[in-house]
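Take a look at these structures.
Shared chain: chain A. Partners: chain B in the first complex, chain C in the second.
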Partner chain A sequence: MRSRINLYIVEYAINSLLRQKYKTLFIGLVLTLLIFLLSSVFFITNSMKHELQATVDALPEITVQKIKAGRHDEIDVDVIDAILELNGVESAVARVWGYYYFQNAGVNFTLVGIDEYEEQYKKSFVAAASKLDFTKPSMLVGEGVKRVMDANYYKEYFNFIKPDGSLKRVDIGGVFKAETELESNDIILMSKESVREIFDMKENKATDIVVRVANFNEVATIASKIKLLYPDTRVITKDDLKISYQNIFDYKSGIFLALFTTALFAFFIIIYDRASGLSSEQKREIGILKAIGWRVDDVLREKFYEGFVVSLLAYVVGITLALAFVYIFHAPFLREIFSGYSQLKTSFALPFVLDMQTLALLFFLTVPLYIAAIIIPSWRSATLEADEVIR
Partner chain B sequence: MIRLVDVVKKYEVNQSQSVVALDGINLEIKKGEVVVLRGSSGSGKSTILSLIAALSKPTSGEVVVGDERISKLPDSFASDFRRNTIGFVFQKYNLIHTLSVEENIILPLVPINLDAKEIKVKLERVLGMFHIAHKAKQLVKNLSGGEQQRVAIARANINNPQIILADEPTANLDAKLSLSFVEIVKELKAEGKTIVIATHDPLFFGLDVVDREIEISQGKLL
Partner chain C sequence: MLLTPEVLAILVLNLLFGLFGAVAFLLSLKIFLKWDADATTPLQYTLEKQSFLAATIIKYIFSVKVPLFAFFVFTLDKISGVITGAMCAAGVVDATQSGMYLIALKIINLYLFASWLKLHSIDMSDKNQPYTKLKFGLFLLFFLSLLLELVLDFRMFGGIEIDKMVSCCGSIYSSSSTSALSTLFKIDNALLLSLFYGNYFLILLFFFLKKKYLFGMLNTLFLPLSLVSLILFFGTYIYELPSHHCPFCFLQADYYYVGYFIYLSLFLGTFHGMMIGFMPKVENGYKISLLFNSLYVILLTLYVLFYYFKNGVLL
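This part shows the complex of A and B:
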C-alpha cells in the first residue's frame, strides 16, 4: 500500500503551496523568469549556430580579392583565365556584388549579380537563375528586403540611385530563398549587367573571384599559387572565413555568457536562500507532522512534491515563453545583441532549432536543484527529535 | 502497559553544559489507568510524556510500551508507533492554523494512504464524539481555545489509539471548558484507554476519574 503514489500527500503538498500563495507565486514567477532568460539565451545561441554553420558551409573554397592601398578594389575578370590554368582548379567565377544603402529604411541590401549561362557558385543561385528574367531589369529579393521594400511602398519595382545621381528602375520578379535566412535575407539577385550599372563598374571588372577546387586537401596549395601569381591580391580560404565568423560568434557568445551567468547567479541566490533554512513556522509544521506519526520520508515526499510542482511549472512555463519569445516574437532586444545587424542589415527570423540536449540541460540545471534546495533544510528539521522541533 | 526503567534525560545547553530533566525515573502505568503527573513547570512531567510518545529518546534507561522497547526504536518505527498507539494532546494544541478542522484531524491518516471512505468513517466518528462536526469546514485559526482543544483531542483519537497523553490540557482554558475536558477524559476512560495527564491544575487532583496521581519535582518522582 505504501508503494503507491500517496495522493493525500500530493494533495497536502499542493494545499501547502496554496496556503502560502503569495510566497509561492513570487518564487514561481522569479524561477519562471530565470528559466525563461536562460532558455532564451540557449535557443538564440542554438539558432544562430545553426544559421552560421549553414552560411559557412555555403561559402566558396577560395575567394580572390584585389587589394589596392590596403583596401579591397575591383579585380580584372581576365585573372580567371590564369587561375583556371592552375592544376586542381575546378572552376573560377567572377562575382559582381556590393552593398547598397537604402536611406529611407536605414538598411543595407546586398546586391549580387548572376549570369544566366554561367556556372553558379552557390547552389541556391541555380534555381534563382532559372527564375530571374534576364531580358529586362528584374530582380529576386530576400524576405527581409521584400518586407523593407513593401513598407516603403516599393511593391513592384525599386529605384536604385546610381553614383551619378540618376535612377535605375528594376522590377521585383519574386522572392529569393536560400538554405538559411541569414544567407538570403538581405540579398537582391539581378543580372551582373544591372549590378555593374548600379555600382558604376566596368564590364571587365568584378568585385572578387571565387574558385572551386576539385580536391579539398589542395585548397591551401592552390591559394598560395594564386597569391604567387597575383601578389596584389588577398586570397581567402573557407577556413579563414570560418575562423573570422567563429571569432565574431565567440565575441557575441561572451555577451550572452555574461547574461547567462547573471541569470544563473540569481537562480543560485534563490537556491541558497531556500537551502539555508526554514522559517520557524515551517519547522513547527514539520515537528507537528512528525509528532502525529509522519515518518521522515513522508515529510520529505511532501516537500519533494512541493518543490516539484513549483519548479516543473516554472520550467514548462519558462520554456514555453522562451519558445514564443524567440521563435514567434523573434527575440526582440536579445537577438540584436547577438546578430549585431540591427541597423545595417534587414531583420531576419531565427530558424527553429529545438535541441533536446539544451532542454535536458535546463531541466537538470533548475528542477532537481530547486527540489534539493527545498528538501535539504526539511530533511535537517525532520531528522531532529520531534520534541526538539516543536519546543 | 507503560514502563520507564531508570530513565535519565539530559538536554544539552551547549557543548560543556547540560540540564538534567529526568533523573532515574522508574514508573509503571497499567492498561486502562488514568494517571496524573503533578508538578511545577520544569519539573520534568512533559519530558516523561515526550519519552512515552517516542518524541525523544532517553539519555539512559529504557521506555517500554506494551512489548515495544520504544527508547530503542529507529525513527521511522517510532513514527509508526506514534501514529498507531499514541494520541498526544499538546499544551498549545499544535494544530496547523491555516488548515480546516477536518484537515487537521485527518493529518495522522495522510501517510497511511487509506481509502477515502475509510477516512470519512474515522473522521465522522471523532467529529461526533467530540462535538465539533458543525465546525468541520472552518479554519482552526477562527476557533475558540476550547474548540481548538477539541480538534486536538479529535486528532489524537482519529486512529483510536490505546494511549492518550495530554500535556497541560487545561492551561489555556477557562473553568467551564476545563470541566468539559474532564468529561472527555471520563468518556475516553470508559472506552478503556490508558490516559496520562501532565498538569499542575488543581482541578485534576482528587478527581474520581483519576486512578493515580504521581508527584514529580526536579526530574525525580516523589
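This part shows the complex of A and C:
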C-alpha cells in the first residue's frame, strides 16, 4: 500500500547509472554547475546581508537628515537640543561626515568626524577615540584606505584638498579596525574640527543627527514627533534601513534568479531531450525487465530513483563546491556583482552564514525541476512493449 | 509585486504544476470518457498506458506540494519582515484579500491530493482496477481546485504592496477584531475543550470498537475542532501569553518551529482517520491515525500542564 523504498531497485538504478557513465556524467555535471552558480549567488547575498544587518544593528535607532529642495542638506546643530527635550530620547549626537573623492586612485573615502569627549554613537569608535590624537590634525584610516594611500606614497600623512583649493595636511595616526570590514574598509576617522575644515562646513552645522532611544517600542512615536517638530527633515529608523537592505538584496538576487530561470528552462529541455533518446540497448534492457515480470510501476520507480540519485548528488556536490568557492576562496568574480562600483570595494571577508531556508530554496529550484523533466521520457520508456523491443 | 527569490521559486514551481497538471487533466478527461476495462481495442491499451503517465504526474505534484507548502509558510514568515506592520505570516496572509482563502485552499488541496493517491494505490493493488474511472473523474475536479490555487498564488504575491500597512497577528486573532474570526472568540473555552477532548476520547473508543465510518466522521470533525481550539486556547499556552492567539507565530524559530510538528501530526492523524471512513477497502491505518492524533493532543496538553506546574495558575 504505502510505497516503501525498494533497496534492490535502488541498487539496480545506481548500477544502471554507472553503466551509462558518460550520459550520467554529462547531466550530473551540468546540474552541478547550475546548482553551484545559483547557490554561490545566494550564499554571497546572504553573507553580505548578514554583514550589513550587523552594521545596522550597531547604529543608533533614529537618523535625522535635513532635506532641502529634495536633497540632503546640512542640519543645524541646535536641533539636538529640541530632540533631547522629547521624552524617551536617551541621547542625540550630531554627525559630521562625508565622502572625499581621491582623484589619483579614483576612490571615495568616507570621512567621519568624532569628538574626544562626546558619547560615541558606534561601539567601534570608542576605542578609536582614545587612540586618536586630538591635539593636532591626525586621523585613523581603515585598512582599504591605508592600502590606497600606501600605493600613492602617502605613508605618513595625507593632503586633503579643501573646496577653496588649498591643502590640509593630516597625519596618519594608525589603522582603524571595526568588527566587520565592510564597516571600516573605506573609513577615515578624524576630529570633527578637521572634517569641518576639509568640507568647509560651519561650526553650527552637521551632516545629520543620530538619536538613541532607550525603549525599542517608543522608536516609532519619537520618530513621528521629530518629524512634527521639523517638517523639513527626513527621519529614518533602524527598521526602515533593515527593510530597505532586505529589499535591495532580495531585488538583486531576484533579478538574478529571474534571468536564471531562462537557464533553468534550457536545462529542463536538455534533460528532457537526453532522457528521451534511448539507445536500442536500453530499449532491450527495459524489454527484458518487463519480460521477466517487472511492472510499468517498477520501471518507472527505477527511473525515478535514477533521477533522485543524480539530482541529489548534484545538489550536495554543487552546494559543497559553492560553500568552498564562497567561504574559502571568497567568491572571485561573482561577488563583484553585489559589492558595488566603488574602487575600494574589494577586500571584505564574507562571514559564514548558512540557513535552512536557503538550502530549501535551492532544493526547490533544482531537484523538482529535474524530476519533472524526466517524467514523460521515463513513462515513454516504461510503457514500451516487451515483445516489440526484444524482437 | 514581490520579487524575492523564494517567491520566484514558488511561482516557477507553480508554473510547472500548471503545465503538468494540464497534461494530466487532458489524459484524465480522455480516460474518464473512454475507459472500458473489458475492451481489447488499441484505444484501451493506449489509455492504460496513459493512465500511468497521469498518475505519475499527480504523484509528482503531490510529493512536491507537501514540502512546498511548508516552504510557502516559511516564505510568508520571511516576507513578514519586509512588510510594514506584519510580524509573522498572518500579517502577510492578511495583506491581500485572497490570502486567507489561499491558505485554506492549499490545505484542502493537500487533503484532496493525498486522498487521490490513497484511492490510486487501492486501485492499483486490485488487479481489476475497479476505481480507475472514478479516480480520473475525481482528478478532473481536483485539477480545477489546483488551478484556482495557482491563480490565487500569483494574485496574492502580485498583490502584496510592500509599503502598505498591514495588521499584525495580535490584532487579527483577537476578540476585538472585526474580521470573521472574531465570532469564533465568542465560544466558551470550557465548551470548546470538552468538545475537543470528548471528540478525542470518542476517537479512542471507536479505535477499539473498529467502527470505520464513525472513526472517519470523528476524524473529520476533529480537524476543525483542533484548529479552533489551537487558536483559542492552546496557542496562548505555547506563547505563555493570554492575548496572543496567532496560529502562525509558533512556526517561527522562537518557538523551536514546533508549529510544523503540530500541523504535520494533525494532518497525518486526521488524514489517515478520514481515509478509513471514506475510502473503500482501507483496513489498516487505525494505528497511524490514532498515533498522530494522540501525539497532537498530548503535545498541546503538555504545554498547558507545564505552564500550570511552572506558574501555579492557568491563563
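The working rule: the second predicted complex is superposed on the first by the 220 of 391 C-alpha atoms of A that agree within 3 Å, B and C clash if a C-alpha of one lies under 4 Å from a C-alpha of the other, contacts with A are read in each partner's own complex, and residues count from 1 in each chain.
Convention: contacts are C-beta pairs under 8 Å (C-beta built on N, C-alpha and C of every residue); 3 or more make two chains touch, one makes a residue touch a chain.
Computed from a predicted model, the values in this text were never measured in an experiment.
Colleague: Can A:D297 be said to touch chain B (first), chain C (second), both, or neither?
Modeller: both
Colleague: Given the touch rule stated above, what does A:R95 touch, chain B (first), chain C (second), both, or neither?
Modeller: neither
Colleague: Contacts for A:K66 in the overlay, against chain B (first) and chain C (second): which applies, first, second, both or neither?
Modeller: After superposing on A, A:K66 lies clear of both chain B and chain C.
Colleague: Tell me which partner A:L361 touches in the superposition: chain B (first), chain C (second), both or neither.
Modeller: second
Colleague: Pick one for A:T383: touches chain B only (first), chain C only (second), both, or neither.
Modeller: Both: A:T383 reaches chain B and chain C.
Colleague: In the superposed arrangement, which partner chain does A:K238 touch: chain B (first), chain C (second), both, or neither?
Modeller: neither
Colleague: If you stack the two complexes on chain A, which partner ends up touching A:A258: first (chain B), second (chain C), both, or neither?
Modeller: A:A258 sits against chain C, while chain B stays out of touch.
Colleague: Taking the superposition as given, does A:K192 touch the first partner, chain B, the second, chain C, both, or neither?
Modeller: Neither: A:K192 stays clear of chain B and chain C.
Colleague: Let me test your reading of the model: by the given contact rule, A:Y12 touches which partner, first (chain B), second (chain C), both or neither?
Modeller: first
Colleague: Identify the overlap between the chain B-contacting and the chain C-contacting residues of chain A.
Modeller: On chain A, the residues that contact chain B in one structure and chain C in the other are 1-2, 296-297, 383.
Colleague: Would you tell me which residues of chain C are touching chain A in their complex?
Modeller: 2-10, 12-13, 16, 20, 49, 52-53, 56-57, 60, 64, 67-68, 71, 74, 78, 81-82, 84, 121-122, 124-125, 162, 284
Colleague: Quick one: in the complex, what on chain B touches chain A?
Modeller: Going by the criterion above, the answer is residues 50, 53, 55-57, 75-76, 79-80, 82-84, 88, 90, 94-96, 98-99, 103, 107-113, 155, 159.
Colleague: Which chain A residues qualify as touching chain B in the complex?
Modeller: Within the complex, chain A contacts chain B at residues 1-2, 4, 6-9, 12, 15, 19, 284-285, 287-298, 383, 385-388, 390.
Colleague: Which of the residues in chain A end up touching chain C in this complex?
Modeller: Listed in rising order, the residues of chain A that touch chain C are 1-3, 42, 242-243, 246-247, 250-251, 253-255, 257-258, 261, 264, 296-297, 300, 357, 360-361, 364-365, 368-369, 371-372, 375-376, 378-379, 382-383.
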